[in-house]
Every structure is written in C-alpha cells, then in structure tokens.
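Next come two complexes, and both contain chain A; in the first it sits with chain B, in the second with chain C.
So, the complex of A and B:
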C-alpha cells in the first residue's frame, strides 16, 4: 500500500512548526479519516477536498482513506491544509511546503493564517512553496522563495501551463498628516519619541488634542524594512506598507491585550514594530498595567494555556495619553480642579508605577500652543534611525530608547563636562540612577536630531524638561 | 553623615546659643555646613492646602536666597518647609524632640533621612531618648534660638508654633506671620500674631524670574540658575504653562 507524504505547517505564536501529512488508502468500508488532533476547521477539509477533486474530474480514492497529521500530539486548526491533501491525491509526494484553502469549485484561496504559515516557514528556512496566488508585496518580502502559485487545483496537473503572476499590492493607506498637529513643542516631543523609539506619555486637560497627536505619530515613522515586514506578516497575516498602529481603549481585557494561548495575538503583538496607543492610560486595569512591565522588558509576550506555551513578539512604541487628575482640569490656565489632593495623588500615583517608569518622555499638551512648521520630520527621524543603528551595530539595539539602564553607561559615551554635570545633579538633587539613564538616553536622541556628535549640557536640560512634567503637576496640588 | 556633639559655645553656632543662655550640648547628624543666615519656619501639623503651599514656597524663596531653613520635622507645615528648602538644593536643619536613635512622627522619617544626607538634624537629647510631650516645648526653644527670625505660617490658638514665637520674641528676634482666612480655625493663632504686632508676609517674590527672562539660550539659563536640573525644571514649568517655547537650544519667550 502506497503512502504519500506532503508537507504543510502550523504557527505557534510567530514560530513555525512543520506538519508532515501522510495519505494512504486501502480496502475497507468507504470512510475518510483524519487523525492527529484535528479541529473542526481542519476536519471540514474532507468535503472541500472531495468536491474540489470532482471539479477537475477526479474522485476520492475508493475504500478506507486516512490522512495522518504528524506530529499527532499538536492540535491542528485552520483550513490551509486543504491544498496539501488535494496535491497528495492528484500528484503524490512532494517536499515543497503546501499551503492553501480550496473551495468546492476547485479555486485556491489565501487565508490570513495561510499567509502567517508561509511567512514563518520562510523565516525558519523553507524556500519552496505551493500556494495560492499571492499579492506582489507579499512575494517581495520573501525574495529567495520559489513560489508555485495556483489559482485553481487544475493548475496542479499541468506543470507546463501558464503560471499565474502575483496580484497587485494592496493600496498604501493615506496617513493623517503630521502637520495637522498644532504646537511646535508638541511636535518636537513626538519627533524625539519617534526618532529614538522613546515611549511617550502625553498629558493634558481634556480636549487639547492628546489623542489626535497619538494618532498622527505614525506619519513620521519610517517605513517598515523587509525583515520587519516579514515579522509583521508572521504575526498578523496581513501586510501593509505603513507601520502597524493600534489604538487601544482602557476597556481592554488582559486576553485581548496580551493575546491568548489559543493562538490569537493580542494588541501588544499586533502593534509589533509599530505604535501602541493607550488612551486614558491610568484607567487601564491593574493587571494590564502590571503585565505590560515584563512585556516591555523582554519585547515579547508569553501566554501559557494548559500544556501550550506561545511566545509572541511585542516590540512596540508606546504612546500613552492621560488626564492630569480625575476631573481633568489640574494645570488648566483658567478652570479650577475640583478633586481633593488625595484623589489627585492617587491618580498621578498610577503614572509613576512600574510601566510609567519605562516611559522616557513626558509632555504637557496645551490648547493654544504656538505652531511652526517642522522641516521634513520624517526624513529627520529616518536619519536618526540610521545614525543610531550604525552606532550600536552588533549590540542588539538599534534605538536609544531601547537600551536598558544597565547598558546605558557602556553604550552611550558622554563627555567629561557632561558627566560632571550629571554626577553633580545626582549628588545635589538626589537624582536616581534610573532617572539619570533616562536623561542620557533622551539627550542622545535630541543630540542626534540636531546633528550633534556629542551630548551637551543644553541637551541634558531639554531631556530633563521632558522628565519634569509630573513634578510640576505635583507642585500644583493643593 | 556623621553624628557629632557640639557645645553651645561652639563657633559653628555663631553665638546664637550663648545669647539664648543655653548650656546643654547639642547632638547632630548630617553635614556640618557653614551656618550663616537662618530663618525658622513653623506652623500647625494640620495645615490647609494654602498653608502647606505657602510654607513650601517661602522655604524655597529663603533657601534660594541662601538662608538655612530651620524647622521641627513634624508633619504639616514643618515638613513642607523642609521639602521646599531641599527642592532648590538649599540647606535645612531639622530639630527633633527626642534622641537621634528615635523618630517621631513616622511619616517624616523618609524626609529626615534626606535631611541627614543633605542638611543637618539636631537635638538636645542623648541617642536613645524617646519623644516626650515636654521635650517638644524644649525643641521649640531650640528652633527659636537657632533662627535669626521666625515665620509662623499657619497656627491655631494654643499651638506649639506660638510657643516658638514667644521664645523668639523673648530672645529679641523678629517674628513674622502669614495672614489667612479669618474664619479658618487652623490659622487663628497666626492671624492673632499679626494683630499683636508680627509683621505680615503679603508676598513671596519670585526669585530670579526676572533674570531668567534675559536668557535666550539654554546655556545662559544653566549659567543663571547654577545647574541643569534646576534649569530643566524651570523649562518644564514654563513650557507647560505656555510661557516659553524651546527651539533647539534657543528659548523663545511667548508674550501672554
């Protein structure tokens, strides 16, 4: 009895797990068995495969048909195994990775999950694929891959037939213009955050446009490079020319925010390599704020469920917005804050927790800030990215904001005068070590933005002014 | 942070204790900085937000003029006065009503440690002596003796701050008081002091604000205020209140 072997795969978080599928049939009552922990979406392949075969004038083998998915202890879900089964029946064994969903009429389709399987397989070394027709941009991120694309299962039979070419890429969505943001200082702060990958906390009274800035930050972020696009494809199964951007609300639940072990990515993963906006930051559930700490330290999320453990990537630029107090009017030029000092203390206390500690830049957003046009903001950000990437090549860091405290002194060199000013500040004002590292990191980015080789005391002052917003707010509490 | 014992005739006091005819030794912990001009800031342990803010601002003002701020390390006004002095990197002396080995009230322990590292904590009492009610009266006497003049920020009738004021007056020192609402119980004592002749404080001048306005660059501001932490704080405040805009290292003043 002949055994046909074909390959397909599964994703675990953004990791790839190859699945060997063995097909065989023999005498017995006519049944179609699938073994190897297949879930409903995979099991339904039986009907799709049966009619897809019929559409090209073939039929299922007679008798007892068995398809085994190996390793059999892992749960298989998704409809992208269909094409591999069809291929096994009509063509026999193959060492290509076969991914794709088939319809009853024999057409072959892409699913989000199948794109994730292809991308993660490519990343783990697979190069030969049989798959549905992919868009041009998806093909573009995998330049070394050899795709045998099929629109219809008929094309599996005719090797010589005309090969379908990739479909055109999806349109680039128009970004809201960064120039819509009002306020020169505000734009500067946003630019610094984007240039050095510094997490940003925007504070201000209600209605001054905090959220609006957060929404427009993406417009100054450089485009994804090829390996980042591959990463995004692996985790989300979709590809866009612009960076991922996730606007989240404080009503999020931990599973929605961090992802579940059942294979659904959370907001932090969907924002990987892009911007994660947390609107009304202090209102988020405590378990989310606490959980975010490890995520930001390791740039990944671990979700465990039963015997499954999934690691998702989560390296995002956090842009948080917050009111200064429950009523929102602390620090308002005219209105009076109605909260008790205790209430305000508690509210601001949430902004100095472990997560907020990892936010480098704080900025107070005002309603009537004078505006001035920034010159080519996106190009300047890109320039800083290049400069910082080059500087820290080989260290595993590409942005100043990503350097952890214990490596700041080693990786960011500071001139003796600046070092002396910092030491003096530590001694005289009781500046903590962590605070000192933040100031050095921000100063480095400010210096890079201005095109300076060395950090000067003026850069330290500017960096420090981004750290003194909360102390200023505290001084207003009466 | 060393513990040391000082006799009342120690030149460090500049004769302040001799003039108050004190004969007991003083135990001190912290830095032995030069004691030139001093101001005492005292008041209630339960101040209104107004009193707390004024205590803080007054301490900032005097500390930035180079005064050593003397207070009692109690909750409330005392605490704010010490904090205000420390916030501008100024010097402050905390006077305890017990030995250096004890602490009361617990809420100010953290502040006391900060003062020990950046200022001085002094007491009449030997190391392990616990606080007693009568000691705080004696402590007030020491505050009055160490201060060149005294400001009562907010004090109800029958307040320890008024006791301190009496000591100061009997030592021939100036006593000033901060006026407050006439229907506020926690300020009746300090308001009465004004009626009895204490000079009311009606303004806290903004130190150096005029000088900063001359600054056109961040470097100038740093040179003007002395160090970059203070400069950063000033910029954050001026920027947040919409008074300046920073363009690179240029400071642009906005007319309001």
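So, the complex of A and C:
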C-alpha cells in the first residue's frame, strides 16, 4: 500500500513544531479519517479538501482514506493543513513545508495562523515552502526562503504555469502625532522612557491627558528591524512597520492578559517588542499585577494547561496610567480630595507593589504645563538606542531600562562628583538601594538623550524628579 | 422502470458471474436483505444502493451494516459462514465492495459496468 508523506507544521507559542502528514487509503466503504489529536478546525479540512479537489476535476481516492498527523500526541488545530492534504492527493510526497487554507472553490488563502507557522518555521531553519500568495513585506522579512506560491490548487498541477507574484504590502497606519501632547516636561519624560526602555507610570488628576500620552508613545518608538519583524510575525501572524501597541483595560482576565496554553497569545505577548498600556493601573486584578512580575523579569510568559506547556515571548515597554487616589483629585490645584487618608494609602499601596517596583519613571501629569516643541523626537530616540546598544554590546542588554539592579554599578559608570551628589540625595530623602539604581539608570538615558558622554549633576536632578511623585503624594495626606 | 431495477441488474450480474440467487428482497424481523446469493459453498448477503449525484456508499451507515449482519445470522441460524457485499450504483456504473466487515473495511473493490 502506498503511503504519501507531506510536511506541515504548528506553532507552540512562538516555537515551531514540524508535523509529518502521512496519507494512505485502503479498500472499504468510503470514509475520510484523520488521526493524531485533531481538533474541530483541522478536521473540517475534510469537506474543504473534498470540494477543492472537485473544483479541479479530481475526486478523493475511493475507499478508506486515512491522514495521520505525526507526532500524534500533540493537539493539532488550525485550517492551514488543507493545502498539504490536497498536495498529497494530487501530487504525492514532498519535502517542502506546505501551509495554507483551501476554500471550496479551490482558492488558497492565508490565515494568521499559517503566517505564524511559516515565520516560525523559517526561524527554525526551513527554507522551502509551498504557501498561499503572501504580501511583499512578509516575503521581505524572510529573504532566504524559497516560496512556491499558489493562488488556486490548479497551480499545483501545472509546474510551468505563471507563478503569482507577492501582493503589495499593507499600508502603514498613520500614527497619532506626538506633537499633540501638551507640556514640555511630559514630552521629555515620554521620550526618556522610549529612549531607555524605562517602564513609565503616568499619574495625574482625571482629564489631564494621561491616556492621551500613552496612546501617542508609539509615534516616538523607532521602527522594527527585520529580525524583530520576524519575531512579531511569529507571535501575532500580522506584520506592520510600526511597533505593536496594546491598550489594555483593567477588566482583563489573567488568561486574556497572559495568554492561554491552548495557543492563544495574551496581551503581554501581543505587545512583544512594543508598548503595553495599562490604563488605570491600580484597578487591575491582583493576580494580573502579581503575574506581571515574573513576566517582566524573564521577558517571557509560561502557560501550562494539562499536558501542554507553552512559552511566549513578552518583552514590552510598560506604560501605566493611574489616578492619585480613588476620587482622583489628590494634588489638584483647586479641587479637594474627598478620600480618607486610609483609602489613599491603600490606593497608593498598590503602586508600590512588586510590579510598580519595576517601573523606573514616574511622572505627575499637570493640566497647565508650559509647552515647547521637541525636535525630531523619533530620531533622537533612535540615536540613544544605537548608543546604548553599542555601549552594552556583549552583555545581553541593549537598553538602560533592562539592566537589573545588581549590574547597574558594574555597567554604568558614574563620576565621583555625581556619586557624591547622589549619596547626598539618598541621605536626604532616605532612598533605598533599589531607588538608587533606578536613578542611575534614568540619568544614563537622560545624558544619552542630550548627547553627553558622562552623567552630570543636572541629569541626576532630573532623574531624581522622576522618583519624587509618590513621596510627594504621600506627604499630602499626612 | 421497476422499483427494484438496480437490484435486478445486480442480480443478473451475479448470475453471470456464476452465483445462484437464493432470495431477493428477503424480509426478516431485523430488516430487508436485498439479495441472498450462493457460489460454491459461499453464502453472500448483498446490499444494493442506487443514488444519483453522489457516492451511494456513503449512505451505508454502521447501523445498516449491523442490521445486515444480524439478518445474516438469523438466516443462517448461526450455522454457516457468510460474506456481506455492497453494491454502490450510480447512473455511470457500480462499485462492488466485497466482504465488508462491520467496521467498514473490505477485502476487495471492483468497478463493474452494470447497465
């Protein structure tokens, strides 16, 4: 009995798992069996394949058809196995990776999942593919790949026929202009966060534009480079020149936020290499805030479910916004806060938890801040990125904000005068060692933004001001 | 055209192949058997399906096969071995499934020109 072998694959988090598919048939009443932990979405391939074959005047082999998905112990889901099955029936075995969804009329389509499979397969070394027609920018991030693109299953039969060319790239979405942000200090804080990959907490009374800044941060982030784009394609199945940007709500559930082991990426993963905005930060569920701690330390999420364990990448820039107290008017120049000191203390307490400890920059957003124009913010950020990447080459860190506390003293040099000033401030405000490390990290980025080789006292003072928001709010309720 | 035209056609084909027809449209408490045939010592229970438009073999369910087996056991009183064949007929011709097991596997398939 003849056995046809074709290859397809599935993704595990952003990792790739090749799937060998063996097709065979034997005598018997007609059935179409799929074995190997096949879920609904894959099993439905039966009908799609049957009619796609009909569209090119072929029919299923008569008798008992069996398609085995190996290794059979892993759950297979997704509709991207269709094309491999069709190929096996009309052409026979192949050692190319075949990915694509087939419609009843025989047209071959891309799905988000099939793009993820192709990208992760490319990353793990596969080079030859049979796939649907891909957009130009997707082809662009995989320069070494040899794509045999098909628009219709008919093209599998005729090798000589004209090959379809990649479709045009998707348009670059227009970003909200960063210049809309009012307030020079605010712009500078946002720029510092983006330049040094410092997580940012924006605090302020309701309606001062905290969320608005968070929404516009992406406009100053440099574009993704080719390998980052491949990473984004592996995790989300979508490709865009601008960085991922996820605006999340405090009503999120842990599964939606961190992703599930059933193969659905969470917000932290979708924000990989981009910005994760957490609006109304203290309102988030406790399990999310606690869970975020490990995610930020390891830059990845591990989700386990039954016998499945998936590791998702999650390296994001966190931008959190928060009111200063439950009613929101603490620190307001005119209005009076109606909350009891106990309520405020409890509210602010959530901001000094384990996650908030990992946020370097705090900024108090005011409504009436003087404004000034910043020149070419995006270029300046990119320049800092280059400079910091070069400085810490070989250490595994590319941004100041990513350096853990125990390596700050080793990797960031501080002149004796600045160190004396820092010790002075530590003495005066009673700052902890961790706070000190944060201040050094921020001053390094500020110095880089201004093009200085060494950190000066002025940079230190500015960095210190980014750590004074919470102590100031606490002093208001004494 | 007779109501049982496809069954008649199958019966005459079987006669041509050297089978002896023992019964046609045999009614038993467990259901109807289209044809009971005999060649040498081999007893064959035949189910004939005629459909236009799609493969009639797909309409043979597990339940139908179970019924056929119990009919055969009833007919032979469990004393003889037997075989179950399915003829899936379309206007173009017919597929002969020989020795179908209850699970749907068979020993051989043959394309026969019935008309």
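Simple rule for what comes next: the second predicted complex is superposed on the first by the 466 of 478 C-alpha atoms of A that agree within 3 Å, B and C clash if a C-alpha of one lies under 4 Å from a C-alpha of the other, contacts with A are read in each partner's own complex, and residues count from 1 in each chain.
Methods note: a contact is a pair of C-beta atoms (placed from the backbone, for glycine too) under 8 Å apart; a residue touches a chain by one contact, two chains touch by 3 or more.
No experiment lies behind these values; they were computed from the predicted model shown.
K.L.:
Based on the superposed arrangement around chain A, label chain B with chain C as either clash or fit.
P.N.:
Fit.
K.L.:
Applying the document's definition of touch, where does A:366 land relative to chain B and chain C: first, second, both, or neither?
P.N.:
Once the two structures are laid over each other on A, A:366 reaches chain B alone.
K.L.:
Considering only touches as defined above, state whether A:121 meets chain B (first), chain C (second), both or neither.
P.N.:
Neither: A:121 stays clear of chain B and chain C.
K.L.:
Taking the superposition on A as described, I'd like to know which of chain B and chain C A:414 touches: first, second, both or neither.
P.N.:
Touch status of A:414: no partner.
K.L.:
Specify the partner with more touching residues on chain A, choosing between chain B and chain C.
P.N.:
B
K.L.:
Once the shared chain is lined up, is A:270 touching chain B (first), chain C (second), both, or neither of them?
P.N.:
neither
K.L.:
Considering only touches as defined above, state whether A:64 meets chain B (first), chain C (second), both or neither.
P.N.:
second
K.L.:
Write the angle, vertex at the C-alpha centre of chain A, between the C-alpha centres of chain B and chain C, to the nearest 10 degrees.
P.N.:
Spelled out: centre of chain A as vertex, angle of 140 degrees.
K.L.:
With the two complexes superposed on chain A, say which partner A:464 touches: chain B (first), chain C (second), both, or neither.
P.N.:
It touches chain B, and chain C stays clear.
K.L.:
Quick check on the superposed pair: does A:450 touch chain B, chain C, both, or neither? Answer first, second, both or neither.
P.N.:
first
K.L.:
Just how close are chain B and chain C at their nearest CA atoms in the overlay, in Å?
P.N.:
Between chain B and chain C, the shortest C-alpha distance works out to 77 Å.
K.L.:
Can you list the residues on chain B that touch chain A in the complex?
P.N.:
49-50, 52-53, 89, 114, 117-118, 217-219, 221-222, 227-233, 235-237, 239-242, 245-249, 254
K.L.:
Which chain C residues qualify as touching chain A in the complex?
P.N.:
55, 57-58, 60, 86, 95, 97, 100, 104-109
K.L.:
Could you please specify the touching residues of chain A with respect to chain C in the complex?
P.N.:
26-31, 62-64
K.L.:
Show me the residue ranges of chain A that touch chain B in the complex, using the header's touch definition.
P.N.:
Within the complex, chain A contacts chain B at residues 184-185, 188, 331, 333, 341, 364, 366, 368-370, 372, 421, 424-425, 428-431, 450, 456-469, 471-472, 477-478.
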